[in-house]
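If you scroll down you'll find the structure; I have some questions about it.
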Amino acid sequence: MLLRALLPRYTRARCNAMPRTYMNQARPALDISGIFPPIATPFNDRERVDYDRLAENLRKYSRTPLRGFVVQGSNGEYAYLSREERVEVVRKVREVVPKEKILIAGSGCESTQATVEMTLEMAKAGAEAVLVVTPCYYKGSMNSSALVHHYTKVADASPVPVILYSVPGNTGLDLPVDAVVSLAQHPNIIGIKDSGGDITRVGLIIHKTRHLGFQVLSGSAGFLLAGYSVGAVGGVCALANVLGPQLCELERLCVNGQWQEARELQYRLIEPNAAVTRRFGIPGLKQAMEWFGYHGGYCRSPLLPLTEHERKDLRKVFTDNAWL
Amino acid sequence: MLLRALLPRYTRARCNAMPRTYMNQARPALDISGIFPPIATPFNDRERVDYDRLAENLRKYSRTPLRGFVVQGSNGEYAYLSREERVEVVRKVREVVPKEKILIAGSGCESTQATVEMTLEMAKAGAEAVLVVTPCYYKGSMNSSALVHHYTKVADASPVPVILYSVPGNTGLDLPVDAVVSLAQHPNIIGIKDSGGDITRVGLIIHKTRHLGFQVLSGSAGFLLAGYSVGAVGGVCALANVLGPQLCELERLCVNGQWQEARELQYRLIEPNAAVTRRFGIPGLKQAMEWFGYHGGYCRSPLLPLTEHERKDLRKVFTDNAWL
Amino acid sequence: MLLRALLPRYTRARCNAMPRTYMNQARPALDISGIFPPIATPFNDRERVDYDRLAENLRKYSRTPLRGFVVQGSNGEYAYLSREERVEVVRKVREVVPKEKILIAGSGCESTQATVEMTLEMAKAGAEAVLVVTPCYYKGSMNSSALVHHYTKVADASPVPVILYSVPGNTGLDLPVDAVVSLAQHPNIIGIKDSGGDITRVGLIIHKTRHLGFQVLSGSAGFLLAGYSVGAVGGVCALANVLGPQLCELERLCVNGQWQEARELQYRLIEPNAAVTRRFGIPGLKQAMEWFGYHGGYCRSPLLPLTEHERKDLRKVFTDNAWL
Amino acid sequence: MLLRALLPRYTRARCNAMPRTYMNQARPALDISGIFPPIATPFNDRERVDYDRLAENLRKYSRTPLRGFVVQGSNGEYAYLSREERVEVVRKVREVVPKEKILIAGSGCESTQATVEMTLEMAKAGAEAVLVVTPCYYKGSMNSSALVHHYTKVADASPVPVILYSVPGNTGLDLPVDAVVSLAQHPNIIGIKDSGGDITRVGLIIHKTRHLGFQVLSGSAGFLLAGYSVGAVGGVCALANVLGPQLCELERLCVNGQWQEARELQYRLIEPNAAVTRRFGIPGLKQAMEWFGYHGGYCRSPLLPLTEHERKDLRKVFTDNAWL
């Protein structure tokens, strides 16, 4: 954090973007502004976690202005890891990444009790904050009351700050705005990663919660600029696994108010972003990582590797946008 | 099974409804025709599994013509159980229920490997077949190829027959018909529980797979009669936790061709079924169980108990349809 | 009707299926049981209505046991006809078809007033009943109150009985069950064509309205048997433009209780039905009509004719199911 | 236009936001940057168009910096107007509004031929451009080929520039990006009104079409700022019927790069915008107009006036955001 304070180019911009953190002096908020990759988990050909390759990726990422790492966001294939593996990956990541990088661990489970336990373990393993996805299997019952109850229990028990996580593309469920607004008042809930892409909703959440110092992170590189334009403070973007420095540059342009240049950069990121998320999923993300000097590795089954045809289509997206 | 063979009223009907199991002599198929409750898991006030109450429920259910039990279908709150609990519950259920009742255990997990392991454990714990829900978190990548690959691996490894499970209301994903048709050819995949309620799809699956002896179970009491009318052989119905004998009576009427009487009974079941599934979810199911002499018990959080108002609305549904 | 009265095989069955029309003696109900094609409108190569070919189709259809015709259901491209054309087509159809065939005209428009006017014109043009689709452009405002108000105004003004029409595949809107139940009490609203395919909903509607003599028609051949099984009295099926006699045979089997044979026939109709509706739309329907001796003719733009590839796929569906 | 050229504050900004119109000298493009209300159509208590009140509204609007008017966007209840009324309203509007205000008329119908005819009539009635909604009733057949064919025919025939219109909330259909990109090359198709709210999609469309001078208008005030941030040139916003000058102020802040102030204003507009669109629909919009000195008037049936309760909720939204 000290280091960041020394970077003059950020100073004005960040203040500008986030006066709200200063409005609420009582809150010992963790500042989570900036770009975070939800890091992919490389597996070997026997589908075991390849810790060495993971470490190599992290060392490379750590030399860039990425603000930190989200371990076990959706792109980390967390749904395919055992409870033990989830914790172990966080522990290993903490060993590798430098202190000044913020480590956020996904600790969401379906039941409240399991989420509480996982949260405690993640904190012990070195996470500075936890990202808690909405439980979703019984989506018909996951109304605002149930979700507020769930997150409140988790935040009450958590030794580290909690970040809400709404990702309807995976969960089939939007965390309702009224629930977000209510939860933003909890002293241990500091922000939300919103991956839905509804920028009106993002703006409304910020409007209703900024007086509390609540921080909103865009959950996808496709609307990173738009997110900044309405007051988001950063992004957790799958594409940052592939084009991390470029996303940090986009962040810099946005927080510095260089919107024209920001727009040019944003345009070129939309299709690559869609390609490594909605269109080709994690197998696409991991393939693209290989092209950019990182280890994507194998996926766990039932995720299948790209077909030759898909690989060509994916590559074309990156060449068409002048990244390859 | 012996007992059932003695019931003359079923003999003709079952033959009639399922000539296909005889068409494929090579297949040592488990006959899964009949009504199965996906049993609820009663918890105590500390959210621990209440094995005594579970056993009491099962003893009562076992005195009815229910064909068997699905342990850890969606209504068993399986998503809220740890891996160890999932196996333990199956083991305990096996101890309690009589031999002639078929025990089907839900063994689906997100990753293929975890599903294989859970399947092996479920078989060891006494399951005669496993019900495997579609993995769904990365739904954008769960195309037919991925799902066929997943289920094939599981069925190859499983010591007991595998039943597919498509429940879009929870997973946001329909197992595509072409994948079902392809998987029906696997000698260890014997059927599907389809909870989507699209009766045209149910008919098409039966049309395309019945020459293989593939068995289709309706996944909800709301379309049980319609399912029989197009050739389904039974049902796995949440409502059977509450009105088990009545669903068995509906089965009897359908397989005996007493459609007029069947229809009268079916009509009265639609709203109660909707109430304990879509409308009030598992908390509604458990509340209704209490009214009918079973132990519903507590739910695990984040599921909340019904409000007083919801409870009244639920009760009205049962009284309006002359069940209370 | 005379002809039908002579067919003893229908007598018992119809009574059986529809005792409700006798329960409500005050109601001078039009009996709409049976199979109706929502007739296609053949256009010439300049996209003008080809009345000669339409008449030829109708003469052929009229020699089959089809109960009557729906003119300007969705498959009649009514959305592409001017108000004048809509009325003119009905007038011409009435001239051609024999008296004993029931003529139902689609008179739905977006505004209530336009629907009332169109209804009056349709009745004058010879329609014995009108089919009124849900207004849908402002779907966010089309709640039960608005829809009940709309249909009540139309039914109050209509000189002929009104049939509700819910077709979410086109309108993006389900006519809510509570609105249907409320409207079923209007003496001039005699039934509903439900094309949604949710058989549980169909059953519930029948359960809640049959004491009023309200008649439910399945809106697609894909669930015609299932519809009969839960108490529907017939169907308005696009596929009846192509395989009319076959659908009448399916009707006969269902009302006579020959479910085993009915099932065999139903199975073979599911894919052809999907092909001429969801999959290839009206262009597919019109192409298939040509193969079966009817005039499909051109579509109006923006509907495009099938590509060569699509035509082959469509044909394969009919040959695979042994219809060609 | 002259007037605008005199406003120095706009000059730099507009150039900045739209260098592309200068990149394509061959194109005699109509510059449609700025804020347009899709004007509501006031009806009297007999549901007739109230031309006097409409004229009064327009005279008031014309004294504000609104760039022009969209007559018969969705909020004009165009779906409830006869063909004759649609043209007549445009004619009357043209008589009232000053020359420097751009008049855009909605001319979309379901069939291509009807749309062409309506387009010709709208141009004759004084429209300087037409807004053409996607045909949508046969949405299953409205793929890119069909839509490109439709719009090409319309644009070929139109004497005035054509603006595409994608409004999935009403039509259930998104005009696919590939179709937009293809159509942007037509010399007579100058832009799109996109009401879907998917800002990533908006950015992608701009990325792929700006070299052609194609202009994107945000279709809702909820994401107006975000739209500007990614390069949209204006907005067609229902809320401009109520808070027109305020939306023009938001425009000014955005094009001048005063993002901080813009954001503050945008925040206060999100809920009022949602209230007069998604939440309370056109009845809500018309009610709010009355509070702000305009004539909302009656709606046509089946739209119902707000209940007393809804009216209170609507008012609260405006007071909570300090507009009343």
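In order of appearance the chains are A, B, C and D, and numbering begins at 1 in each one.
FYI, a residue touches a chain if its C-beta (ideal position, glycine included) is under 8 Å from a C-beta of that chain, and two chains touch if they have at least 3 such contacts.
Every value quoted in this text rests on a predicted model; they were computed, and no experiment measured them.
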item: Centroid comparison with chain D (C-alpha atoms), farthest chain; value: B
item: Between chain C and chain A, distance of the C-alpha-averaged centres to the nearest whole Å; value: 51
item: Chain centre separation in whole Å, for chain C relative to chain B (CA means); value: 35
item: Per-residue overlap in chain A, given as positions that touch at least 2 other chains; value: none
item: Touching pairs among all chains present in the structure; value: A-B, A-D, B-C, C-D
item: In the complex, chain B residues that touch chain C; value: 16, 197-200, 203-204, 206-207, 220, 222-223, 225-226, 228-231, 257, 259-260, 263, 266-268, 270-271, 273-274
item: List of chain B residues in touch with chain A within their complex; value: 47, 74, 79-80, 82, 110-114, 135, 137-142, 145-147, 149-150, 153, 169-172, 278, 281-283, 300-304
